[in-house]
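So, here come the structures, one by one.
Shared between the two complexes below is chain A, which has chain B as its partner in the first and chain C in the second.
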Partner chain A sequence: MNTVVAGITYRALLGRRRIILLLLLPLALIGLAVLFRVFGNGDQRTAVLLLQNFAIGTMLPLLGLIAGTGVIAPEIDDGTIIHLMSKPISRPVIVQTKFLVAASLLALFAAVPTYVSGWLLVRGEDGIAAGFAVGTLVAGIAYAAVFLLLGIVTRHAVTIGIVYALVWESLVGNLIPGARKFSIQHWGQSIADQLTDSPFFKSDVTLGFAVPALLAVTVAAVLWAGHRLRSFSLTGDE
Partner chain B sequence: MSEIYDIGYRHYDGVRLGRGHSTRALAVHSLRGIFGLGRPARSKIVPFSLAAIMMLPAVVNIAMMALLQQRGIAYSGFAVVMQAVVAIFLAAQAPTAVAPDLRHRVLPLYLSRPVSITEYVGAKVAAMTVAVFALIAVPITLIYVGELVVDMPGPPATGEYLGALLMALVLAVLLSAFGLALASFTPRRGLGVASVITVYLLSSASVPIIYATLASTGDEAGAAWAWLANPFWLVDSVQHWLFGTPPHSIEGDYPSGPVSALLVVVLIGVALLGLALRYRKAAAR
Partner chain C sequence: MKIELSQVSRWYGNVVAVNDVTMTIGPGVTGLLGPNGAGKSTLLHMMAGFLAPSNGTVTLDGTRVWKNHHIYRNIGLVPEREGVYGFLTGWQFVLSAARLHSLPDPVEAARKALATVEMEEPKDRRVETYSKGMRQRVKVAAALVHDPAILLLDEPFNGMDPRQRLHLMDLIRAMGTAGKTILFSSHILEEVERVAQHIEVLVAGRHAASGNFREIRRLMTDRPHLFMIRSSDDRKLAAALVRDGSTGGITLRPDGLEVQATEFRRFARLLPRVARDEGVRLHQVSPADEDLESVFSYLINRST
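After this line comes the complex of A and B, so read on.
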């Protein structure tokens, strides 16, 4: 953890237009929760539907993508990463710092709004709000690690990430149950399921698979990203 | 044509092809860039694999017609069913059309020649429109050709096919004007991709939820307005109004009347105006 690198990364992410993107989705989530509340649908079924489909299913992968690639990809694009890499800071430490920044942003922009919208709908009932908030947080950390790695490996990180999130996790995951085993958002749902006893929510992936998978993916992605940055070569844009 | 300095170089005395030609050249160049033609193989992977995914349902449809004598996806509903793929294509490729010029600040170079902002923006929008239109129209046309070859019982659905083509064009104009307007706000490709897909997902993920909530209060007619917040369903509702095709919303009907058509025109106008204003500012940098 290097505080200077962390500060620069926070400034780059929050000081520009990117923050509008980071705010748009959580505000929409809270707006929908308020809409449900106003129209008197504040029951557990709608809460689970909203949190499962919108919060974890749509908002989280996108925010993970924006934050995860956003901490490093623009610097690589602009070539300013060279200034960072020429400093006597261990490159794995740079990656770990940037990963922590992305993870903290996801906690702020994904997990907190998830808790707020869950609380707006059902208050503390059956631990739905808390369960989904923890699930979002854990899955968000894994997303941050994976998309950070993707941002270092390829310049088409955002496109590939969207294809993974929309085509693999949403489309294929909805049609083929087996594909859900290899989807970060379903691992997060498994954690959420463990913390709530709402009868309306059942996750497909067992906790015994989800927890090791989350840990392995997060640690492996951060380590590999650090390794990639150690032997990083700046190549020209197409 | 003005010369700033005449330092004795040999003058160009070939044919002056004029503004129309330069605009067309810019449009063709942008179109090739959108599909990654003339770029390294890595740039071709995304557009062509998305185009291949668009062809899959067409192939399945033809197989169904040949083997089971029954139709799969209707022509009128093709774009709505495949909307996620079209949206990913738009998000992934719209920034490649606008971001490099903004990023490398070459706009003043373009504009120092007889290409005006209107022509520059027009060429970009035209290129993106052709790309999105081709993405939707090629599979539909393939299904139609298949239907003619397979010789289904009953007359071929020529009217529905032509209507779907026209609507694909309208959808392509709407999507590309909006996609380019959003993508042009940032010179970074990654951020452009993310912002286009965020706006699309906001409309596609929230609209069914909003509809279900409003409909649960018993106000079906009021709830139907929710569908118009998503471009694919908006254009489908125009199609429903123009050609009387069945609505392809997830559930429920569209608001009746020409309001949706008017909305499409207004939205396209707003997006083009936004683009023009954005480029007036960008050109000055």
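After this line comes the complex of A and C, so read on.
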């Protein structure tokens, strides 16, 4: 962890228009929760539907993509990364710092709004709000690592990330039950399920699979990203 | 400190960008001269640890440069691309460099570096409001902040106005005199001549020539020159010139003579004498291939 790298990364992500992107989806989530509440749908079924489909299912992968690639891909694109890399700091440390920044942003912009909207709908009932918040947090950390890696290995990180988030995670994950085993958001749901007693929510990935999978994916992605940045090449315009 | 390149090549797929280059960059100012696309940036990136050689080795005082972040304690790099965070002020940018180097007194180091490049006055403005020359100077300040023994600059004078250019030239010369190892790339001979004590010429990825600027100048003037000559009697002049050995070939054209001079100096003395002896009046004598490209292409052919 390097505080100068972290400071510059936070400023790059929060100081520009990207913060609007980061705010848009959580505000929509909270707005929906408020609407349901006002129009009398503040029950557990609604809460689970909203948090499962919108918070973890839609908002989280997209925010993960924005934060995960956003901490490094724009810098690689415009060459500013050279400023950090031409210093006596090991490249894996740069990667780990950027990963922590992305993970912290997901905690703030995904996990906290998830808790808030859950609480708005059902307060503390059956641990729904807290369960989904923790599930979002843990899955968010894994997304941060995976999309950070994607931002380093390819210049088309955002396109590939969107295809992954929408096609694999949402479509395939929902249509083919077996594919859910290999979906970060379903691992997050498994953790949420563990902490929730609500009868309206049942995850179909076991905790015994989800936890090791989340750990393995996160650690592997961060290590691989550090490795890839070590051999980062400037190809120049020639 | 010195950077050593030993039989370094770099290729991208089938394209060879740098071809079997061996050179040592020692203390003082070295200019890396070559036309655009000669592989200067590729070579510089390999020296700076931002590109792996496909073949050969690049070392800094004996230690390998590639995948070794410790080299940056001794290297300052000024890349050609902008590479400056627009949302930071000049001060924040240079200070961040000082802190990334974990310097004992980053504030003082940043202040000194900005003073060196005369950027104290606009230092509190955001970099995105700077002109190209100002950005260039802030980049130089960030590269100098840890007082490195080696400074690598990629086309540093591009986009600078004449005054800024002179100032940076003075700065580079002074650092070279102080014993630092400085390498800068340029495609402009005059620029390199004014600053560098030593010149390495790179043409089409090959190390075409090496020496001080006098030696490089001589190489460039002693090559065969092509002249266009118009006179009162082209035919008579041609006949007289052919008798002397210093011309390689003469072509009689409707608009004058095209003369290939094998020895520049000798030909320069010969031509007016022959013209006078033959009673031919010279209307025009102009070099037909004085541009840098032809100089470079001569050097390529010479080195192959």
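Quick notes on this structure:
Here, the second predicted complex is superposed on the first by the 234 of 238 C-alpha atoms of A that agree within 3 Å, B and C clash if a C-alpha of one lies under 4 Å from a C-alpha of the other, contacts with A are read in each partner's own complex, and residues count from 1 in each chain.
Just so it is clear, contacts are C-beta pairs under 8 Å (C-beta built on N, C-alpha and C of every residue); 3 or more make two chains touch, one makes a residue touch a chain.
Computed from a prediction, not measured in an experiment: that's the story for all the values here.
In the three-chain model built by superposing on chain A, chain B fits alongside chain C with no clash. Of the two partner chains placed around the shared chain by superposition, chain C is the only one that A:Ser231 touches, whereas chain B remains out of contact. Touch criterion met: A:Ala12 reaches chain C, while chain B stays clear of it. For chain A, the partner touching the most residues, choosing from chain B and chain C, is B.
Of the two partner chains placed by superposition, only chain B is touched by A:Thr159; chain C is not. In the superposition on chain A, A:Asn53 makes contact with chain B only, not with chain C. Contacts of A:Leu24 after superposition on the shared chain: chain B is touched, whereas chain C is not. Of the two partner chains, chain B is the only one that A:Thr69 touches; chain C does not reach it. Closest C-alpha contact of chain B with chain C, superposed model: 11 Å. Residues 238 of chain A touch chain B in one complex and chain C in the other. Contact residues of chain B toward chain A in the complex are 39-40, 42-43, 46, 53, 84, 88, 91-92, 185-186, 188-191, 193-195, 197-198, 201-202, 205-206, 209-210, 213-214, 216-217. Residues 17-18, 21, 24-25, 28, 32, 35-36, 39-41, 46, 49-50, 53-54, 57-58, 62, 65-66, 69-70, 73-74, 77, 151, 156-159, 162-163, 166-167, 170-171, 238 of chain A touch chain B in their complex. Those residues of chain A lying in contact with chain C across their complex are 2, 4-5, 7-8, 11-12, 15-16, 78-80, 82-91, 230-238.
Residues of chain C touching chain A in their complex: 12, 17, 36-37, 39-42, 45, 48, 50-52, 67, 69-70, 72-73, 75, 77, 79-85, 87-88, 93, 96-97, 99-102, 142-143.
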